[in-house]
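Below is one structure, written out as structure tokens; the observations come after it.
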């Protein structure tokens, strides 16, 4: 059973100045799955991501990933162990091209240092070529190979989101964490995003954990959905289960009473 | 003097020195707080303040005499003049650069510093100028510790200016606006805040405080000199950082701490006074290693 | 134009852009007193730029903006804000390092009456109880959705005559999206004129009286909201799903 | 080279002028030719000034790695310069080492200094880092002033001229050529670093530490590397500076020195190698050209700086990589 | 008509500009006099200034420029640290160099033979100071310097001599230039209460120190070195300078022939000549004399004449050189502050 779980959180507790943000959270992701995490604003979803990836230091609990304990690791070590993420607000490197942005992901998979660079050692040259080639591959995968040499922050918003995903893929992860990837996208872009997420899992074999408020997208793509409210897991199940769970409706979905229609 | 007397006397010394540092550090911190600029010209405004104070006092001492009345008037006028100079500098040298890379303004500030210093250098030919304030050396003796009236007045004026400023910035809408401008200028505009106006007022106040310190220093120490702002500028910068740059109470605290460090650093047992600056800087570094945002600085956490 | 009331806001031939990029190619737009007007369009169509040009953050290269009968083209953003036109920009822009309460206080920067500020603050807390609970917390540490509420609350502190809202539902949980729309409606009923930019076009059209559709910096279509909503081709082409 | 044409724009910040590889070679060879013949055309004064400027090129390129690439504001760069110079001074004079035996120690000392300054402080934000580096710079200077072994305030004099494969470096012209070689090495090393994995990592960390960290980049390690490499540039410059002058004293390593190097870097355009070189030349040649103005020279120079910055806020050299 | 170029190497910018400007002024007076009398070798003399900013690197630039300007000789040298690396440059170019102020003993071994130091060395001054202060009955002494080569050197020498004379050095203190507030040092001095305090650096900071010492109630002897014998000390220290002793070369005020120099200086520049003005003036006059004697601008000939200088009287006293080109005599005198001016205290 345990072997089936790629990521397993147990008893994770996080508080800021007495304000409990995550309250004894137990949660797991099977291998090869697409799982969504939903919940009201301020429920602690992003905080959960930050706790997994080492940006926040929970006061208690454990985060096991592929047999390894993550809680003591720094963010870059978490990434090296095989988890990549995107951010709720797109955070691309300014003034750098799309390709350069994606190349950053390869950093933790390569190793040549300053001396090798200054002396232009053959091993360094080989590695540079490899970094470039793989980054281009990642760009092609998310479908924006044409934009490789543009300054990343001048791209349309939807494309910036894709650069972020390509950059994450370049770290060669086993698990990809996406924080509201559809926010600010128009409906066409949302459809494309849904396809992309499916391909990441199906073609690359990377598991995906998704935070998203767009219920259409969540329901369509997730194999399992977990619901967080006030730092607690209040429900877990398939899209159907969740949609009809009164607790979830009360806390999160709400009733569209059509009041807008006067 | 007993060891206790020495300690008490050094506390008095540290307090006086610290007051000067704090006054200059306040301007540093305010200006940093609003436009994120390390205004390296700030120490030179202190210097110009000293000279303006001197000029005013020379002009009026016939009527007022060289005592505290004359000095107070000179200080006040110098604050106004140098405050305006600060605003002019901001308009000419910094304002056009506000959207430029941050470090570029740093260079402009250094250039302004060189301009101020070398202008006064050319005028005075680098000579020291006797300030001409003339007040007695009287004071009170507490045991063996001697505190002059001048020191008391000085610390009093400094405290008054600092507390006034703190109240202004923390309690009034305008002060709040000052802090807001530092964070997001566009948003401030949308809330109806005149961003340029706020920046100008910040420079006015910050420069005026430096001028107050400069005039008081000229009067208290007895002379002014074109290079007198350099060292205190560095020290004030240090003080502002110890206290947490951007924080007004922090600048006061940092100034006083630096004053005390230097006073007691001189008296370090076993090693000579030549190590006192090494001592203060070492303490500064230690503070920052353990408290990376300074003593009263808020950590600027960013949400992800 | 088929709607009643007089135009609070009137844009004539507005052109604007960033550097070499021309984002708006001549926009004509009117918002009438007491209305909710929505501005729709794909990503990059120029919706946000239109709002920024109205509020003075972006300078118009051509054309004019009239607010309550007064020409405000080329005025500074803070002057425009003072005249009662409040813009809630996209991306919330909570002032980092200032508490929730201070953020709200600054929203009322132009209100000199302390009492009035007090009552407005209470109203905002009634509207968004979470803000009251967190009033002493650093505003930028709120969750995304909470920040959105704060941004809205801050605009209300100002007591706006015309409110420009840029994607207020972005990043909000479904329940809150509905809640926000209710609030927008309530505000409007209480007399605030609103120009609303929304990605969620369905909702926006349900709420609005009138709608404009923007494409590549130009107005592509304008009509009564109800009629736009009924037009299947529009729904498909611009509003998706 | 060919991969650049369809790959990412390389990160050397050459700006719009020098995108063509062939033009680049022409310019490089022209500059080189000028440098080689300069002492023969101009007198000793110009040679001395150019030597100085070339020393500054080395220092500025070193600081550029710290400030321009890694985005770490350093107000105490002169400390590294001092470490190099004093290591040579102390080891050759007090311990009788040969210059070339002492030289590796100078580099080693710089690495150590880089780690000592960088290690505990890299978590600090830029402005705090500025004051800490300033503090370290002053600590180094005060220590040199107070310690017997560094000759206290008078410093160390009588440092011997080194010889290289039988060539005795002695005259101003000899040193000029030494610094030409050093500057060329510094330029090449800078270009290669900028276009390497480490060079990009500096930019990532500078633009967004958290995002970089999330991409698996160890920011502390990367910043430390910047400090150490910057320190090595500084120390190498310092070592040859000591040999050239023959005498060193604390006043050569003051805060003003650090500020001057920083000015050159920003003036030319941070992160842009040709810009930084240009900045170094302006900072050294500017005041020299104005020597006739006497006590007004710094005033005029400062006004000039001000005007340059107002008209070119991102530095003189055009193009991105400037923020 | 051709003019003869003479170089002046002093700081005219930076924190030491005050002193450099003072020296330039004095040299200019000397040049004006020389020109009024028909110049040298039939040529008018003109000055080329080389600003060292008291920075070794900048002074190398300055010296190279003076060399390129084909100066016949150079007068100046203020900061010892900045003077040191220029010795080789003038040596290589074979240009006579009169060092008017810098007097660190470090300069001696680096001198290729073309440089002449007309300021007595620190060692001479230290000896004089110890002799005088002992005679005043002082047994304990605190020495305060400014952490630069000159004042630290003098402090160390004085301390050695004082101990050798069987007295006690309470402490050697160091302050930084431009600090303004010396109260911490003052308190330290007050707590150990030495019989005498010896300030080895310059008048500006010295004035402040003296003022603050007296304000705090320190009653002991205060003495200052030759960097502080300027009349401006009285402007800065005010009343507190009364009774202060200064060790000095006989300055302008104390030689009959210097009265007109002081007057001219006052007239031309509006303030009293500083501590190194007479020496700078002498340096120029000495160089002019040597050129005239040599009858040519040939460096070797001028250097030969300078070596043979045999105690001729100048503003600051007779000049002749030892075989390492330092001033052969020490004629330090002792001054005392009285009524806002210096008077002789050792006659």
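All chains are identified by letter, namely A, B, C, D and E, in their written order; residue positions are counted from 1 within each chain.
One rule holds for everything that comes next: a contact is a pair of C-beta atoms (placed from the backbone, for glycine too) under 8 Å apart; a residue touches a chain by one contact, two chains touch by 3 or more.
Everything numeric here is computed off the predicted structure, so don't read it as measured data.
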Touching chain B and also chain E, the following chains: D
Maximum centroid distance from chain C, chain identifier (CA atoms): E
Farthest chain relative to chain B (centres taken as mean CA coordinates): A
Gap in Å, rounded to a whole number, between the CA centres of chain D and chain C: 51
Approximate Å spacing (C-alpha centroids) for the pair chain A, chain E: 73
Intercentroid distance (Cα basis), chain E paired with chain C, Å: 74
Separation of mean Cα positions, chain C and chain A [Å, integer]: 31
Residues of chain B touching at least two other chains: 118, 121, 125-126, 272, 274, 277, 300, 302-304
Per-residue multi-chain contacts in chain A, two or more chains: 46, 55, 87-88, 91
For chain D, residues that touch 2 or more chains besides their own: 145-146, 210, 295, 298, 323
Chain C residues within the chain A interface of the complex: 42-44, 91, 130, 137, 141-146, 148, 167, 170-179, 181-182, 185, 199, 203, 206-207, 239-241
Chain B contact footprint on chain C (complex, rising order): 55-57, 76-78, 81-82, 86-87, 89, 93, 95-98, 102, 105-107, 109-110, 138, 140-141, 154, 158
Partner chain D, residues of chain A touching it in the complex: 53, 55, 74-76, 79-80, 84-85, 87, 91-97, 99-100, 103-105, 107-110, 112-114, 116-118, 120, 124, 127-129, 131-132, 148-149, 151, 167-168, 171
Residue ranges of chain E in contact with chain B within the complex: 13, 15, 17-18, 20-21, 147, 171-181, 183-185, 187-188, 190-191, 193, 204, 207-208, 211-212, 215-217, 232, 235-238, 269, 271
Sites on chain B touched by chain D in the complex: 32, 36, 38, 93, 96-97, 99-101, 103-104, 106-108, 110-115, 117-119, 121-122, 125-126, 234, 237-238, 241, 245, 272, 274-275, 277-278, 281-282, 284-285, 288-289, 292-294, 300, 302, 304
